[in-house]
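In the two assemblies presented below, chain A is common to both, partnered first by chain B and then by chain C.
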Partner chain A sequence: MIWQFDIILLTLIVLCALFTISIKDLLGAAIMFGAYSFLMCLLWTEMGAVDVAFTEASVGAGVSTILFLAIVHRSTRRVKVRQRGRIFYKGLGLTASLMMGGLLFYASSDFPAWGDPLAPASNHVSPYYLLHTLADTAVPNVVTSVLADYRGFDTMFETSVILTAGLAVLIVLRLDGSRTGGPVRKMARPIAKGYEDTIIRFISRAMAPFLQLFALYVLAHGHHSPGGGFQGGVILGATFILLAISYDLQLVVQTFTEKTALILANIGLLIYSGTGALCLLLGHNFLDYAALAKIIPGATTVTARSDGIMMVEIGVALAVMSIIVIIYTNLVSDGTYEKGL
Partner chain B sequence: MEALLIAKYNYWIYIIIMMIGLYAMLAKNNLVKKVIGMGIFQTGIIIFYVSVGAKKDGNIPIVEHATSGHQAINILDYTNPLPHVLMLTAIVVSVGTLGVALAIALRIYNRYQSLEEDEILEQIND
Partner chain C sequence: MTALIARLLMVAGLFFFFATTIGILRFPDFYSRMHAAGKGDTLSSLLLLSGLALVNLAGAPLTFDNILVSLKIMAILVFIFLASPTATHAIIDAGYASGIEPWQKPGTSKEGDDDLAV
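This part shows the complex of A and B:
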């Protein structure tokens, strides 16, 4: 924690945010928002939140920017410059944000000083997590053990929120009056003339397996280093997005179909809740992985918890990967799966 | 003054970022700009949570392996991991909400051929 560095970063972040909302071009705004996310990433690392930084790098700076590019590609990058009669809305927005800001500034005098180790937030349950994680779960990365074990319920429902978001995107884009969500039309993969770039295609094809290997490493090594199911799943999904951009959408849609993706997403959530139910069947509480020691050969109640965390992380990664691919392929092709970026 | 600046700067900035996000959500005419405002508002909240968990001279929350015997763990050496967990999942959920928001914006564009709020309202009122 270096406060000088922190102040520089925060100032840059505010500037980036201001530029992002004032640029009169959606493509520029999307790129600027990506830069904003990368600065955020640095800020999290600087404050010691490495897992958050990793997630922000893969999700905020990576996938979100691609989603914005997809919608700019499908719609328009135009932002109307002159706006008549917006004074009322601008005044309303300004008043509301100033009032909220004023109240929060007033409240900020009661906040504990930044970096105060004795702040109330750091004094209740978090010392327990830090002190007992090795003895309870044999997982040195406290974020992973809290995520998947101590607060496993939270993460299970967050994963189901992701699944719901994917389904909502499908409902919005695939089911409507004109398109009744019929079967995906199989198109012969056309070779786009004058559009292919051999170098880009070769590099991304050659890199994809290594990226996926890295994603699996991130997933499997989340116990000991920053990473875990969410980050690994997002990187896995991003490799499919890379292939869809460098080749064409058909390559991804035909190999990793909507049906496969949905089944995988559901299997992912089932692995998570199934692990919990398995613990219940073995006579312990829901998601109390210590019960797994009865069926995993050679495991003590402590290492069984570590194994249980691994199992649910795999479920999270499957669900997140599939949903990221579903959201991207639907947004970029307007729900038709015909042509992408 | 310097102590006050260091102690509160993070909180002031998160308030400013939330104000920018709220302004963009309310006052911007373009739907995608509104969605970007929502993203900025979310990151403001995340800054707040992570700042609350930061500790002076705190290390990243990965406990050292006690290779020889059991060493005592000094909790003041490690950043509070709890806000990190909450915010990690919040970031991943934010990409889900972003996807849904953009999908709805896309459907609106397909119907009205515009992402500008006033043009869409004109067409609805006609």
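This part shows the complex of A and C:
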């Protein structure tokens, strides 16, 4: 921690947050929110939480900004200013946020100091993880082993939350013509030639495979370095968004169809819960990967836990990738898959 | 020696970042500001990253791990070299498509032919 750097970061974060909520242009607010996320990412790095920073950079600064842009593109850029009762509502909002902020400030005085070795969290749980991770799971990155092994249940339900979010977007937005009374649209449409830019298209096309390779590296190397299923899945999904923006939405919709995406998302969650159920079948607890040593050739109970983490990370990456593509394609086209950004 | 080169590279990178900032603030219109942002940002990032890759090697034993870290930094460098100018191009293209007029020195003709302007 370099305190000068921290103060600069915190000032910029507060400024970004204030701009984000006060700007009238929603496009500008989305961009400011991206900057805010990126500064948060720097702050996490500064505090040593590199995995969280990676997630913030890929999800917060990367994909959510694009999703916000898609929403702004499909709705409106300007905030409607309410004229009547403006003072009253503003006063109400100010009072509520002041009370909430005061409450949070009051509660923060009870928190232990940052990195306090006597804090309750650092007393029994964290030391156990830090001391036993390598011996228990053969995974050097403690975050990965906590995320997918010690706290495997949490991550499984996080993945199902992501799947549910994708399904909710699909239910709310998806229009296939049958609901609007119009004719059911054919999926096969030619890729639009309206906006062609050789430079952008070539660079995106040339970079996409390398980005996907990097995503696989992040996914597979999560045992040893920051990264894992969530970040890898988000980067994989982002490559499809890149192609959808630089080419045409049809390219992505036709090659990575809704059906494929939904099947992959469900398979991803199935891999996760199936790994847990497999452990159950082999006579251990749910998600106790040590059981996998009985079926993986040449694995001890320790390396089997590492392999189990790898399996569930692959499931997470599949689910996250497909859900991000589904959310983006639906948001950007109003659920019709006709025309994107 | 390596450390010295690395420091020179990083100082040059910071100088170009500074020049980029001045350019963004002082240039008159969208296109020239993007010109400063795109070119200066790319060059200074390249200089800074190559400086960082060298700092990582300077004074440390040439083990596989150290070289791997430097190679990863070089991979980021290649990515920025491709992506940053493309992003600048895309932004300028979008500005042109939405009809932003390029700035002209007051008093010159609209066509931009300075010799013929009275």
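Throughout what follows, the second predicted complex is superposed on the first by the 317 of 341 C-alpha atoms of A that agree within 3 Å, B and C clash if a C-alpha of one lies under 4 Å from a C-alpha of the other, contacts with A are read in each partner's own complex, and residues count from 1 in each chain.
The rule is simple: a residue touches a chain if its C-beta (ideal position, glycine included) is under 8 Å from a C-beta of that chain, and two chains touch if they have at least 3 such contacts.
Because the structure is a prediction, the values reported are computed rather than measured.
*Asks:* Put chain B and chain C onto chain A via the superposition and say whether they clash or fit.
*Replies:* fit
*Asks:* Using the superposition on chain A described above, determine whether A:K90 touches chain B (first), chain C (second), both, or neither.
*Replies:* first
*Asks:* State whether A:P209 touches chain B only (first), chain C only (second), both chains, or neither.
*Replies:* neither
*Asks:* Once the structures are superposed on A, label A:I199 by its partner contacts, choosing first (chain B), second (chain C), both or neither.
*Replies:* After superposition on chain A, A:I199 lies in contact with chain C alone.
*Asks:* To the nearest 10 degrees, give me the chain B-chain A-chain C angle using C-alpha centres.
*Replies:* With chain A as the vertex, the angle is 90 degrees.
*Asks:* Of chain B and chain C, which one contacts the greater number of residues in chain A?
*Replies:* B
*Asks:* Look at A:A119 in the shared chain and tell me whether it touches chain B only, chain C only, both, or neither; answer first, second, both or neither.
*Replies:* In the superposition, A:A119 contacts chain B only.
*Asks:* Using only C-alpha atoms, work out how near chain B sits to chain C after the chain A superposition, in angstrom.
*Replies:* 13
*Asks:* Once bound in the complex, which stretches of chain B touch chain A?
*Replies:* On the chain B side, the touching residues are 5-13, 15-30, 32-33, 36-37, 39-40, 43, 46-47, 50-66, 73, 75-76, 78-89, 91-100, 102-107, 109-110, 114-116, 118-119.
*Asks:* What does chain A use to touch chain C in their complex?
*Replies:* Residue list for chain A touching chain C: 197, 199-200, 203-204, 206-207, 210.
*Asks:* In the complex of these two chains, what residues of chain C are touching chain A?
*Replies:* 79, 82-83, 86, 89-90, 93
*Asks:* Could you please specify the touching residues of chain A with respect to chain B in the complex?
*Replies:* Of all residues in chain A, those touching chain B are 1, 3, 6-7, 10-11, 13-14, 17-18, 20-21, 26, 29, 33, 36-37, 40, 43-44, 47-52, 55-56, 59-60, 63-64, 67-68, 70-72, 74-76, 78-80, 83-86, 89-90, 92-94, 96-98, 100-101, 104-105, 108-109, 111-117, 119, 121-122, 125-127, 129-131, 133-134, 140-143, 146-147, 151, 154-155, 158, 161-162, 164-166, 168-169, 172-173, 176, 224-226, 230, 234, 320, 323-324, 327, 330-331, 334.
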